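Labels for the chains are A, B, C and D, by order of writing; each one numbers its residues from 1.
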Amino acid sequence: MVSPIYLIVIPLAVAFFISFFDRLGRGLSLTLFYAGLIALTAISGSWLLSTVTGIIGSEGAIGGQLSQAAGTLVFTAGLEPPLSIALAMGPQEAFFLFFANLAGLGAAVVLGRRMAAESVTAMVLFLMVMLGAQGLVMTLDLFNLFVFLEISSIATYSLIALERSRGSMSAGFKYIIAGGIASALFLIGTIYLYRIAGSLAIADIIAAQPAAAGMAGVTAVFLLTAALLIELKPFPANGWALDVYQSVQSGVVSVIAVVNSAAVLFALYKVFPMLPAPLTNALLWIGITTFFASNLIGLRQSSVKRMLGYSSSAQIGLLISVLALSAMYGWSGRLQVIVFASIFFGHIFSKAGLFWLTEVQEERGWKGWSGPRAAGGVLLLAVFIAALAGLPPFPTFWAKWVLVKSIILQQPLVVAMLLLGSLCEAVYLLRWFGRTVHLRRTAAASWNTPARIALPAAAAAILLTVGGVIAGLAADVEPLMFLPLAAGLVLGLLVWLPSRLQGFIAAALVTAAGALFIPQMQGMASVFALVFYGGGLLMLIATLYKRQDSPGFYPLFAALVLSLGSLIQATGLLEFFLAWEIMTFSSYFLILLGREAEKPALNYATFSVGGAFVLMSGMALMAAVLPPEIFQGSLIAAQVSAEPLLAAAPGIIGQGRDVFAVAPNGFLGGLAFTLIAIGFLTKIGAAGLHIWLPDAYAEANDDVTPLLSAVLSKAGIFGLMLFVLLFPAALFSWFNLPFVLRWVGVLTAFFGTLMAVFEEDIKRVFAYSSMGQLGYIVLAVGLLNQLGWTTALYLTVIHLLFKGMLFLTATAVIDRTGTRQMYRMGGLIKNMPISFISALIAIIALSGVPPLAGFGGKWLLYNALTANNYVLLAAVAFFSSTIAFLYLFRFIYTVFLGQLKIEHRRVREAPAALLLPQVVFILALMAVSMFPNLLIQPLQSALAMFPADAGWQNGTMVSSIGYWNGSAVMWITMSVFILMLLWLLFVQRKPQPVSQFNIVFAAERPERPETTHYGYNFFAPYRKALGFLVTPLAGRFWHRIAEVTGSIGGAARRIYTGNGQTYALHILLFVTILYFLIAR
Amino acid sequence: MSTDINKEDTQTQQESIRQVVEAMGEYPGAADASDPQLFCEARPKVEKPFRGVFEKFLNWARANSLWVLGFGTGCGAIELRPLMTSRFDASRFGVAGRPTPRQSSVFIIGGYASVKTLKRIVRSYEQMQNPKFVIALGSCTINGGMYWDSYNTINRIDQYIPVDVYITGCMPRPEAILAGFVKLQELIKAGRGEKANEYAEHFDWYKANQKKVIKDWDMPDYNW
Amino acid sequence: METSLVLKIAYAALSLFIAFNYGILLGATTYRIRARVQGRLGIRLYQPYLDIIKNNAKRTSISHGIMFYLGPIFRITGGVGTFLFIPMIYGSVVFSNFSFAGDVLLVLYFIFFGQLGMALGAGEGGHPYSAIGVSRGLAQMTAFEVPFTLAIIALAVQHNTLSITEIIAAQQGGILNWSLFTNPAATAAALIAFLGMNMGNPFSVVTAPQEIPIGPPVEYHSNYLGLLQTNRSIFNSAKLILFMNLFFGGATNLIVMIIKTFLIYMITVIIGVAFPRFRVEQSIRFFLVVPTLIGLVGLVIALW
Amino acid sequence: MNTSYQYSYTNIEELLEILVEKGFIAPATEQQHATVIGRRQVQSSDLAFVTVAPEAARHLILDLRDRFGFTHLVLLTAVDYIEEGKFLLTYLLHNYELHHDIGVQVPIGREAAEAGASMESIHDLWAQAGTYQRELKEMFGIDFPGSPRVDEPFILEGWDEVPPMRREFDTKQYSETTYFPRPGRSTNDPADYMRQKLYPKE
């Protein structure tokens, strides 16, 4: 094992000799430079390997006390401290150093061209920065800490100033001011501490407990902490750092933001044990405020680099608060590893990667940042942004989950700030990403990623992914849960294949997964599994109609479908949430593939991420308030161990159990369930939370929307039903949640349906229609009895059938006519007869007209409602269901009937790939219509946990108040229909087939199809009468919220004046105020 | 509240209409009448009546269910209104008004017919279904009446469409019109109400006459 | 007491025949009554038969396409089906139709079957007036269904059943047991909705002969029109019988049925001759305010 | 008294005087035929006619509209003076404050140029003038270059004869050759009839 001393020696030596070698040739010096950096990385890597395996070897599993367990101590010059520099190398040090060095190495590669072009000083300074970082991490001595801090600082601002631009000079100077203040404070603090402890060794000082030694000790510790804190750029004393981030080249920034910050953070970590409790507490709040405020301000940033700077600042703040939290609650071992290490790891690589990627276009604001040309570059960008935003499978995701779960009861405010800050961060990152994708598509100048950037960035991305998966596995997540991601990855690697072939592979994957998992399911779970896998597969087949390639489409599609399956597979809250998040982001990226989808996708992401955070906090709270015997062990242990109740989830569903007999858990349980319900309702698009829905559905690609509506939207329903079964007691423990749920459901149905009536865009019509239909399902779920839940499941299945048909028809029509405006179509029945039949059957089913299966849903719903005296609900639901006629007729009339436009004469029938799933849906629908018991009886038996409230007699379904024989209705209707048809055929002489203008037109002849087709604003009188109901109140509300958030961010940003004096003042004020707060 | 909505509504409507108009570019004018996808080009056929008692029964039903096309082609239309009033009550005879030629069986030419109206008369007549009957009111339909020398008013309607019953006068009173209806009923019952077939038989002659005066013939030859 | 399927079909055909003729004679009678009010004699009682024969005897017809052709068939299937799902005479095996197939919800939704099919057929006719008529009709329908639904839910809650037969059964034993008296508000709401359902004045804007010739069926003629006329009489009977069953105690024999339905029909006739026509948005607002409030009162009565 | 316009006047004579005074129209000439430029005629206390040259007409009409308050174009019509080889166009304008009408009459040559009679369009002054001009184009063949849709048929669909309101067009002859006159038609001119009845001997 190489002695850690070489980590100090190598950079020193290389820095010393490099200028000599430079005389001999730049090639030589560059070789030496990179060799030195590689050596640093290799040494720290070998230490990481050995310490970690040492721990594993010694204790068998990660989980013991990590510090110094398998490390080593090194004393320079062979002397004991204080005469020598004492260096420690343990697993933590190795971890920090290895990844910091790796990031540094990457940065050096990225900066390669500059290193080659500029004077050798740059290399020297770079090495000195690295040297400072090594020292900061390893040293055990306070004074040495100071020395390395100084080395690091001086090297850094020299490096900054080396750019010789006005901005960088000024930034370097601001850095010097801040650094100077920090150094002064540090030195004073050190002096005091030496006075108290009589030693400069950190361990001695900690042992001396300076904080307990009166005010002087506290002050000393405070000064020390404040110095380190300033270096870590807390809000609001971080203006100087942001200027640095903005004005310095990205490669250098990546070093400052990643290597330096990591080292200083580690230094803070080392002195943490000597901190008094109030200071720890203060650090928690400083950290989380920095996180929240920086992200809030980040919303208003236009410069990409400055935006990333805010993000860096925020992440460091988060790390500080995590340090404080782990000190406050005495976290150690796995918890600390998962939370702190994961955030740290995720932060350095995602941030470094982003800074590297921005290097080429660093002067642009995000609005003009057109992104890499190669698809791989976009993928890298996506990985870094996802990692930073805390999406799975990246490390931050696990960390946030565990963090929230651990502190939700103790520190709800911190959780709130954490989640809100994360939401802001996700919004501005995804906004940037969306714009990039959009600009790239609209053929604005995008750039090639040079290999010197692409290689390190790719390495970072791989590291992030691997690290994330490892972290996930460490959190005891079943490997199976990574299946969607793996499938996406595999298909992503096959991106060079022809698009159709990819589609077939994806279909094969989904089929295999379905064939494998569906038989394992039972009860309700199998219903949803059938919907998810079966519906997903059919939608996947439908996408094969596309003629042009769309890279990334099938990987995302497959990941999305499989993640829906994973939702059912999940055996723990974390696994459920993992699948949920995979579903969310894969659908976000899918939506983003749409041509005009930049804004809608952002809206979708905002609501989805927000909803997911609400869901997460609800789940965390739920896990926290459940009785300990259900979640074995302490709260802290609960986050990683598999929750036993949830482990049985798929089993519970389908097995008889009186689910509402559990005692209530009080307010917190109710609150938790409410949060969970809000999370699901966001996905469902319940009234008020729906504003993302129409745009996202409309602007997503035409082959994605059917999946979103017919399949994806059921995820929320599944979640809702699952959690009702899991935590039934929480339903009533705060307020009557089912009551609210029912009304939310019926109002969603009403407003969704009504809004659909007034839309011109075919996809928006069905988007609102989906919203309305899901409203009925939510209403049915809220009934909490067997008939109600049968209704919910029945509607879930039927909605898949008819909405799948409708959206596929819409896709076909849009594909063939090239427009989404219904009034521009018309008369397509003769050109697209099969699509027409599909649409016809679908609208009959959707509207609930017998004899098709849609009526079953209506019958079940009204029976369930009326039997329980929910008369108002029934009335509103009925009103909504009649309103549905309006948009349905309007759709089928305006598109298929009426006047064919001249330019649509050559329109052909939909492609076979689109028709095939429709035919399957039609057959399924007709089968269910002929024999309703085929579907309803299995559903009823799946819901055996409820007391049975409807039975069957010879094919007649009998509820407590009504009865219905679907087969008989079908037979009677068919017979009458055929009789009447025969009669007409008998009495009528052969009718003359005529053309579209052979109409009675008040004795005139129609002029043009456009002026003869009554299609635009079809329900004008209805709008006059009820249009006031669709005033976009919810939209305005959310828009106002976004505006206010943005203005607060903008206002907060004003404190950063760009003036060095002001920044110095900020720092001093920050320290002073902090001091008074602590000392009080 | 509601007025605001309406106003907003109108504005958005106008905006959308503007967009549509812009998208259409210059208004392209009427579509081509000889386009077989727009207009059916089939000629009318002679539809043979049934024979014997059955046809007599049907004719009786037809005669007693005269649905009049509500199309006032001239000043005589004003004489039709009183027919439905309590004084004359044509519904006793099975006469009823019908707003569309598709559902009507009797076409009343209400007096003078300008060339422009003639075009609409022909179109409406052809859109009625066989069997169909025509009653022509007043001198104008017989010989041009007071418009006999007008450059724009035809003189004899029977040159253009077949007429079952003429009712003279300028204008004939409702009593006369009722008498005309009774006459028509007699004709139908006698099996002589086959003018629709006559029209189909002499289609070319009628069409030539029509086209002689209707110069911008932007319809198909037969309006189904 | 199981009746064989063949017998059931024969019975249903019989009651259908009765309903058809009754509907036609009812229509002619009300026409004559209306004519008498205006000082006329009006049509002959058998005039509607002649009209139907005449239309079926038309020698030519045109077709705009399959859906246009099937539209009237959908319509009459809807009418006949609706009739067949309603028991005509309470307690009679012969006139119980196929009411075993479903409850009042089925009838409620089956009414839409014909309307939807008709609207589609009219839509393929390609005539803008058809579409305008359908637009108005659907818009108005959504509105009058609200009070109607409220009334039916009130009845269902009140009698704790959705089965029409059981609702009739609950009203037996005296005139005061009729829903008309046990729940007058629900009855009133339903009757106002009935006016809209019949599309007579003041809710006749759908077919508005003066503006948009006759709305949806503007392109229908000849045999199609014959079917539609046939349907009208059957459907009218069906609706009347439904209302009689739900609100007026049903009927135990044909004569009672005829008297009751005739009187119910006279309500719409009288209101029809006395009122002018609403515009669509006016009738929507009207239905959603006055009868809906009455219907809510009916609900309160039912729950209380 | 109209006050909101540049020139105020109280009666129609005063108006004409102002028009002459300001040089809008030529001084009065003898009472002459309507087609003679410079003719002025006060028909009644609220109606007057002036005849102006085609070149001056538009200017005068614009001034009447903007300076005298004749904001309404009541009609635009033409009379065929075939004997003089002229059409007389009449622009009738109305003043809403005083309720006066003034008819601006413009004689134009029937066949002024090869293209036939022509006159400057005023559709930009009153949009509805375009409709009148279409009608004049169809009925008289008077062209108004630049007027919207002026060449499209107005009420006669597909008319391909001489414009029917021109006096050289023989409507009776046209009707006889075109509209299948029913033979045996007799005319009873009331004058003849009465003469024969009263004075059968003559």
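Note that contacts are C-beta pairs under 8 Å (C-beta built on N, C-alpha and C of every residue); 3 or more make two chains touch, one makes a residue touch a chain.
On a predicted model such as this, the values are computed, not experimentally measured, just so you know.
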{"item": "Most extensive contact between chains (C-beta pair count)", "value": "A-C"}
{"item": "Intercentroid distance (Cα basis), chain D paired with chain C, Å", "value": "62"}
{"item": "Chain B and chain D: spacing of chain centres that average the CA atoms, whole Å", "value": "37"}
{"item": "Rounded Å distance, chain A centre to chain B centre (Cα mean)", "value": "68"}
{"item": "Cα-centroid distance, chain A relative to chain D, in whole angstrom", "value": "78"}
{"item": "Sites on chain D at which at least two other chains make contact", "value": "none"}
{"item": "Residues of chain A engaged with two or more neighbouring chains", "value": "989, 992-994, 996-998, 1000, 1024"}
{"item": "Numbers and ranges of chain C residues touching at least 2 other chains", "value": "59-62, 213, 218-219, 222"}
{"item": "Chains touching one another, given as label pairs in label order", "value": "A-B, A-C, B-C, B-D"}
{"item": "Sites on chain D touched by chain B in the complex", "value": "153, 155-161, 164, 169, 171-172, 174-176, 178-182, 185"}
{"item": "Parts of chain B lying in touch with chain D, wherever the complex brings them together", "value": "115-116, 119, 142-144, 148-156, 159, 209, 212-217"}
{"item": "List of chain C residues in touch with chain B within their complex", "value": "35, 38-44, 47, 50-51, 53-55, 57-62, 209-210, 213-214, 218-222, 225"}
{"item": "Residues of chain B defined as touching chain A within the complex", "value": "1-2, 5-6, 9, 13, 16-17, 20, 24, 28-31, 33, 36-40, 42, 47, 71, 100-102, 120-121, 123-124, 127, 218-219, 223-224"}
{"item": "Chain B to chain C touching residues, read off their complex", "value": "40, 44, 47, 49, 58, 61-62, 64-65, 67, 85-86, 89, 91-92, 94, 96, 99-100, 102-103, 105, 129-131, 224"}
